[in-house]
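Notes follow once the structure below has been shown.
Chains here go by letter, A, B, C and D, matching the order in which they are written, and residues are numbered from 1 within each.
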Amino acid sequence: MADLRILVTADDFDLGAEAARLEAGADTGAVVTFTGRVRDVDGGLRHMEIEHYPGMTEVALTRIAEEAAARWSLAAVTIVHRHGRLAPGARIMMVGTASRHREAAFEAASFLMDYLKSRAPFWKKEVTAEGAEWVAAKDSDEDALDRWT
Amino acid sequence: MADLRILVTADDFDLGAEAARLEAGADTGAVVTFTGRVRDVDGGLRHMEIEHYPGMTEVALTRIAEEAAARWSLAAVTIVHRHGRLAPGARIMMVGTASRHREAAFEAASFLMDYLKSRAPFWKKEVTAEGAEWVAAKDSDEDALDRWT
Amino acid sequence: MKLQVLYFAWLRERIGLGREEVETQAATIADLVAELRAREDRYDLAFSDMAAVRCALDQELVPIDTPLGTAREVAFFPPMTGG
Amino acid sequence: MKLQVLYFAWLRERIGLGREEVETQAATIADLVAELRAREDRYDLAFSDMAAVRCALDQELVPIDTPLGTAREVAFFPPMTGG
């Protein structure tokens, strides 16, 4: 069974340390990580606020990780997601997968991201000089799930 | 134009530092990394030796990175590949991509790996108690290129 | 029965609270929404576009017509935007 | 003409050297291989299965029937196994 690590935190995380943890098994040949970060496209972003649903968040992320581990041969899965106030450039979240082979590690990481985007209870709000606005969900994110069903 | 970083080295590398470098642009929302590592499946591996073709290696890796940057909208591409003697568990190489969106970062990283496997002049040799053996190329690695053409 | 009802993101902001205890005889989540909307304008406004509302029953995503059954917690929120 | 000829991995091991200067009038890489095979058994052995040999001309992967032209460096090696 894959080693699952789920972390929901206000704090920043250390990608190098998370990757080192993923690499730990003797049979792990491939580690893929995805890191999401607060973009500041127009230069006007003061900060981002991420709200979540404590309790359900951990349950939802664990379920998504378990689903990935059931579909691909994985030694380890990591999901870290921050909440609270994040400055432009800050890391928001990461997923990581460890496997024998690159295909499984890549596909599982992509799967985790697609499900996390639309099925984990996080909501982003962007605060600019003009005010605050909740980020709208994209149809393309919902559509991305189709390729896994 | 994407920021390309190509490094061929005998030394280990710091994935966290490489990822931080990839994250540097204001417009980067997504960073994907792949790390390859010496597996010891049967417990009998003493070490791996990686030979390469100095001169051609850098040219080939740069060309692969440029091709990825031409196909996807990327802020940065990193390829690091080690050579020489590597112990079981050691990191062999990494690729990293930075983009606005996750799809481009994932696809480009997968593309880089597929080309690097079959088009960059590296050769792996496994040394066990029984002797030394050059790793055979896999048909599946050659076939993996088909999806990009 | 007594239910914990939770609101997130702009639903929380429009209704003006994140959690409340509700006494209800509603059979389904949709019935509960109808009861809440009848209460006060802020609820009516928050739930005016149900296509933009998702719900969870005891922390599991479910359709709006799901029976409340013996659930203890219902949550309402917009489509998720994590990652 | 004078060419730098390089060998890697098991080609290097079978031939017993990694690099040599070769004086040749060969028109193509395939012609050069034929010349080398005629020289000594160790070359003949190394090049006995050309399906397992790849080549580069001035550090660029090319087919075996590529003309040598004004190239200065030819390399022979098995299929690559990086990554």
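The working rule: a contact is a pair of C-beta atoms (placed from the backbone, for glycine too) under 8 Å apart; a residue touches a chain by one contact, two chains touch by 3 or more.
It should be emphasised that the depicted structure is a prediction, and the values quoted were computed from it without experimental measurement.
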Chain separated most widely from chain B, comparing mean CA positions: C
CA centroid of chain A to CA centroid of chain B, Å: 23
Where chain B and chain D are represented by their mean Cα positions, the distance between them in whole Å: 26
Between chain B and chain C, centroid-to-centroid distance (C-alpha), Å: 48
Intercentroid distance (Cα basis), chain D paired with chain C, Å: 72
Contacts with 2+ other chains: residues of chain A: 36, 102, 113
Contacts with 2+ other chains: residues of chain D: 83
Category of the chain touch graph - line, ring, star, complete, other: line
Pairs of chains found to touch, sorted by chain label: A-B, A-C, B-D
Parts of chain B lying in touch with chain A, wherever the complex brings them together: 14-17, 19-20, 23, 26-41, 43, 88-89, 91, 100, 102, 105-106, 109-110, 113
Residues on chain C engaged by chain A in the complex (per definition of touch): 6, 8-10, 12, 56, 59-61, 75, 77-83
Contact set on chain A toward chain C in their complex: 36, 50-53, 55-56, 59-60, 81, 92-93, 113, 116-125, 134-137, 142
